[in-house]
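Common to both upcoming complexes is chain A, partnered first by chain B, then by chain C.
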Partner chain A sequence: MLDTSHTVEIPEGIELSLPVASPLERILAYMIDAVVQLVILIIIGNVFSLFGNFGAGIFAVLYFLLNWFYAVFFEMFNDGATPGKKAMGILVVNDDGTPVSWAASIVRNLLRFADAFPGFHLFGVTCMFLNSNFKRLGDLAAGTIVIHRKKEVQEVVIKEVKAEAPDVSLLSDEQSAILHFGERIDTLSKDRCNELTDILAPMLKADSSEKRMNKVLAIANWLRGRR
Partner chain B sequence: MKLESMTAKVRPRSGWEALALGFRMAHHHWRSLWGIWFAVTLIPVLLPLIFFPEYGFWIIVGFWWLKPLWERPLLHFTSRALFGEYPSIKDTLKSLPGYFFVQWFPTLTYRRLGFTRSMDAAVIQLEGLSGQRRSRRIQTLHMQASGAGSWLTLLLFFLHFVVYFNLVLMVIWFVPEHYLEWLLKQLGNKLALESDGIFTLVRELIWTDTVMAVQVSQVLIHYLVISFISPFYVTGGFALYINQRTILEAWDIELTFKQLRQRIDEKEKKRKKSALIASCCLALVLSVGIAPGDSLAEEPEVEKVSIEHEQAKQTIEEIIESEAFNKTVTKKRHFFDFDVEEDKEIADLSGFSGFGKSLAFIFEILLWCGAFGLIVWLIVKFSESKYLSSSFKRGKKKKAKPDVLFGLEINEESLPDSPADEAWTLWQQGECRAAMSLLYRATLFQLIESHHCEFEDGYTELECVRIVDSVVDKNVASFFSELTQSWRVFAYAHQPPGNSLMQSLCLRWNGMFLTPEPQEAS
Partner chain C sequence: MRQEEFEKQYELCWKRSALIIELYDKRSKQGALDNKLLDEFPALYRKLCHSLAVAKERQYSPFLVERLDRLALRGHQILYQRRWGLGKKVLNFVFHGFARKVQDNARLFWLTSFIFYGPALIMFALTIVSPELIYSLLPPSEVASFEAMYDPSSGAIGRERESDTDVRMFGHYIQNNIGIAFRTFAAGIFFTLGSLFFLIFNGVFFGAISAHITNIEYTSTFFPFVIGHGSVELTAIVIAGMAGIKLGWALVAPGNLTRMDALKLAAKDAVTLMYGATLFLILAAFIEAFWSSSSTLAISTKYTVGTFLWIFVYVYLLFPRRARHEA
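Showing the complex of A and B:
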């Protein structure tokens, strides 16, 4: 079954699925970071040009740090995301889902050099497109993965009707499908809603499509805890 | 369309996540996708290139312009693969006439440069819609998350040139130097000949047409780059389309509802079946009038289990002896010596001047101060450190003596003047525990005080014995170990030592530890 997540089993035996970020987002994030770096470079360049050769020396040191540790700094102190990654809603974590470690972050960012070969990131881009978890060489070496930041789930209103318990005990998948139905009922056409609830006809024990839909809504309300 | 046979996890995703799904589809079916691609496109590119190599630029532009058509077989395959049907390359090519030229005119003219082409292709090719219905359908599909579709087109177009320039760079690296010089010279001649130098230079960077070999290799590189990117473009766009439909038509809900329905139906069937069996049994019992014997029913089952056991054992042995468990792998590793010559450059400091120079001077002084400060701090820190002081001043100062060992108080105040006599008296009075503990405590105290045994708070009795063995003479050590043994037996096993043993211990204590005391007193 094809899916867009990377599954990690934690010691407690629970499986976490991390939504893997696509190469295109990462390229966009990289572009944003490049612009941010350029702006920083222009600013410090202008400031230190006031100090003559000594300023040039300091500028060279800062340029080195910016070039090599910009990403490490933000990954360590900004929840695994450089400004570009933050803007794209993605972040770096270790393969096992834990926050990215110092060693891993340094390795993956030092290897940007290898990814940039032979000049415009051919190796990194090719590797990213061909790897199943969209890792570039740095990620492969450091054992890190770039994933989507989980968005805060906002409560979606389910139309309130009198709650009713389902006649059949439901598995967790089925419960969440019924809840989803309640939440998304407004985005679906009426015919489509009827089509969906008709599938469940033997469970609902109602004679018309209208009643069936209401029954499913009532179950959704019941599952939401409005008993 | 059967949702049950879908080979990808159905759930509403964000646009970017849908793209990731599309790219994974491309990974999953890479053989077929690239196989179909090359089967369809190799001839249309190579034939004109062989016959008209001087028109290389127009060949590749033409090929690129016709890309929507080349992508159709890929979409055809991907859409079928998603629903578990994997047409072979041959089948895909056979069905090519059915969809290859559908709405070819608008596709290749006014819709060619649309940003969401990858998503919209499915509406034309798979849904077969045209005219107003098509545009209305596309409008519906674009309501959410069509941004990702535009980004897909834009970024992959950008990537085309990134990868192209990389490959050109690599080719240039591998071109022999004198030939490269010759090429540059040709270019220079051309630039000198033509009046608008800059325009020519820019044009030459994008497309060099001075030498035939360069032209042909440029066409091939562009073709390879398009070949690399196109399947990702198709699957990405198709995944976006599928995602939009999943959101709009609640495919995920339909799928789960169908599974639930199946579960209910099966349950119902089972219930009916068991009811039927029950009624049959009842009828059987009533008609025969005898209940079926339990033992008869059970016997064959036991046999079956034992056979299975035998079989299982055999299977296990077979598996263990099989190849997978007896594989030997020899791995070789190569280590490289890197002889790196180090170039040392001496920094030129003469250029410092004015404000910068003075600032640099201040910084230098600060640095030196910092360095000295660090050294001083380190010296102070180390001279204070526990480990060093203990090794420097061993013998001068004793370690802090413990006041309490395994819950027993050990200091001078808690002990009488002649503890052995006192202990013996207590023993005779029947207070065995008090006597024993007093004797033991007194011994420990003497060992710490006059034999400088270094006990620490957390030591156990036997650890103390080991230390005593290594520090004091044999006589005292044997006494202490004997005492410890009786103490442990008494304290933990509640077996008091015999009268004679206790008496001898007390006497020996007096002989060993009491003698120096009068000397100290005098």
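Showing the complex of A and C:
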């Protein structure tokens, strides 16, 4: 597949694919987080300015925590996602796909300083484009990866029509493509469906687009095991 | 086997797994999970993984594979997440882990100490010999503000303060000093250069200021002030630099590992050192805000306690610990 995905082999002997988040999404998530942090800063700044020197001390501690541990806090207690990441539908996990650990989260967020160097996150962004999983320096050291949150897949039923065997024998990836087409048929426009099935015109022995599409659907039914 | 039959055979397993995962995700809202249900999960998960492998191998429809892939990933995340056990870990770290980690890297510790204190001592000596050197390092306005801080005639030591400013200064020290330590660490990833820069820069700065204060004979306020928290604070900066150098050195000389693997391993050690450095700096902020600045304590008390703290820090870090019994 052309999609950027990172494959992890798990102890059960199978491979899972993690869909890697793109730099653009991460930059947008970062910007959202920057705004959230600014809002929090303004709020605590105003509240603690009411308490004189004592308030200023507490404010400095909170400012420090907000600066360095904002992301650690959310990554640990909000399923690996800061508010910005949540909004973009992405999250941080360990390289092996498990929820990000304390040590890893702390390393990747302390190294944010190095990623931000010398300005505009130049090192971090450059680093992202130099490796296949879009990792910034912090991710490399911590062994973490930012991925898409997988959406729950809804059950899709292929429209039931009378099954027909294909006229030629199909390779397994060809079978898979036809099955996938059968599942997606409702999400595509009629014209697009016709366009796709027209590619198969030479092997379908059907004279109109309509018939070709029905034939492909029938083959999908047959492949699925309906008789 | 056709996909249709395959789905029939496993549907129950998938539905059940999905249900347990859903319950797990909502556990905080609905209280704890039923243990019996949890016991059921590993077996279900193995079956689920098996069915995913089969579905992939036989190229069943992509939607089915994707659905199983998601279930398996969630199951993997639930079953293989890291354990916390925070309380025990923290105690173990304070009593054994931190010192052990420093001792494991004893050579690096001494080397980093040298990199930090060496330039500090040289700068101290140079500034004593030629006092005007301070002005090539700092603008006159900043020198003046340092002088004002430690002016014995002003009554308040450290910074101008009243008693309720202690909390304010505590906050300031936390924000400022721990920030310096974190930056010293993080910059190390640039092949150790960043950490070296911060260590030498801070060393030179500290040496020059101390010498300047000595030159203008404000020693009766300055040294009693810094000796107490200096023990933990300066050592913490050294340890943060050490962690940063460790990180960068993994990239310079990864040994038999790939650079990426060496970096990951070094980061594990380095973050442990950083926990310790942070702990030290919080302690330092407490001492600095509530003890060092106190003007009611006798100077001799401050020197005694300060000396004791220095000895304590080094004994704490270097006294041999029992071998690690737990990773």
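Throughout what follows, the second predicted complex is superposed on the first by the 158 of 227 C-alpha atoms of A that agree within 3 Å, B and C clash if a C-alpha of one lies under 4 Å from a C-alpha of the other, contacts with A are read in each partner's own complex, and residues count from 1 in each chain.
Rule of thumb we're sticking to: a contact is a pair of C-beta atoms (placed from the backbone, for glycine too) under 8 Å apart; a residue touches a chain by one contact, two chains touch by 3 or more.
Quantities reported herein were computed from a predicted structural model and do not represent experimental measurements.
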{"item": "Which of chain B and chain C A:Val125 touches, first, second, both or neither", "value": "first"}
{"item": "Contacts of A:Ile27 with chain B and chain C, given as first, second, both or neither", "value": "first"}
{"item": "First (chain B), second (chain C), both or neither touched by A:Arg192", "value": "first"}
{"item": "Touched partner set for A:Phe54, first chain B, second chain C, both or neither", "value": "both"}
{"item": "First (chain B), second (chain C), both or neither touched by A:Lys150", "value": "second"}
{"item": "Which superposed partner A:Asp173 touches (first chain B, second chain C, both, neither)", "value": "both"}
{"item": "Touching partner for A:Phe134 - first (chain B), second (chain C), both, neither", "value": "first"}
{"item": "Which superposed partner A:Val93 touches (first chain B, second chain C, both, neither)", "value": "second"}
{"item": "First (chain B), second (chain C), both or neither touched by A:Pro19", "value": "first"}
{"item": "Chain C-contacting residues of chain A that also contact chain B", "value": "52-54, 173, 176, 180"}
{"item": "Interfacial residue positions of chain C with respect to chain A in the complex", "value": "1-6, 45-46, 49-50, 52-53, 56, 58-63, 66-67, 69-70, 72-74, 76-77, 80-82, 162, 164-172, 174-175, 178-179, 182-183, 185-187, 189-190, 194, 247, 260, 263-264, 266-268, 270-272, 274"}
{"item": "Residues on chain A engaged by chain C in the complex (per definition of touch)", "value": "10-14, 16-18, 52-54, 56-61, 63-64, 67-68, 93, 96-99, 101-103, 106-107, 110-114, 117, 137, 140-143, 150-153, 155-156, 158, 172-173, 175-176, 179-180, 182-183, 223-226"}
{"item": "Contacting residues of chain B [partner chain A, same complex]", "value": "7-9, 13-14, 16-21, 23-25, 27-28, 148, 151-152, 155-156, 159, 162-163, 165-167, 169-170, 173, 228, 232, 247-250, 252-254, 256-261, 263-265, 267-268, 351-357, 359-360, 363"}
{"item": "Touching residues (chain side chain A, partner chain B) in the complex", "value": "1-4, 19-25, 27-28, 51-55, 118-122, 125-126, 129-130, 132, 134, 148, 168, 170-171, 173-174, 176-177, 180-181, 184, 187-188, 192, 195-197, 199-200, 202-203"}
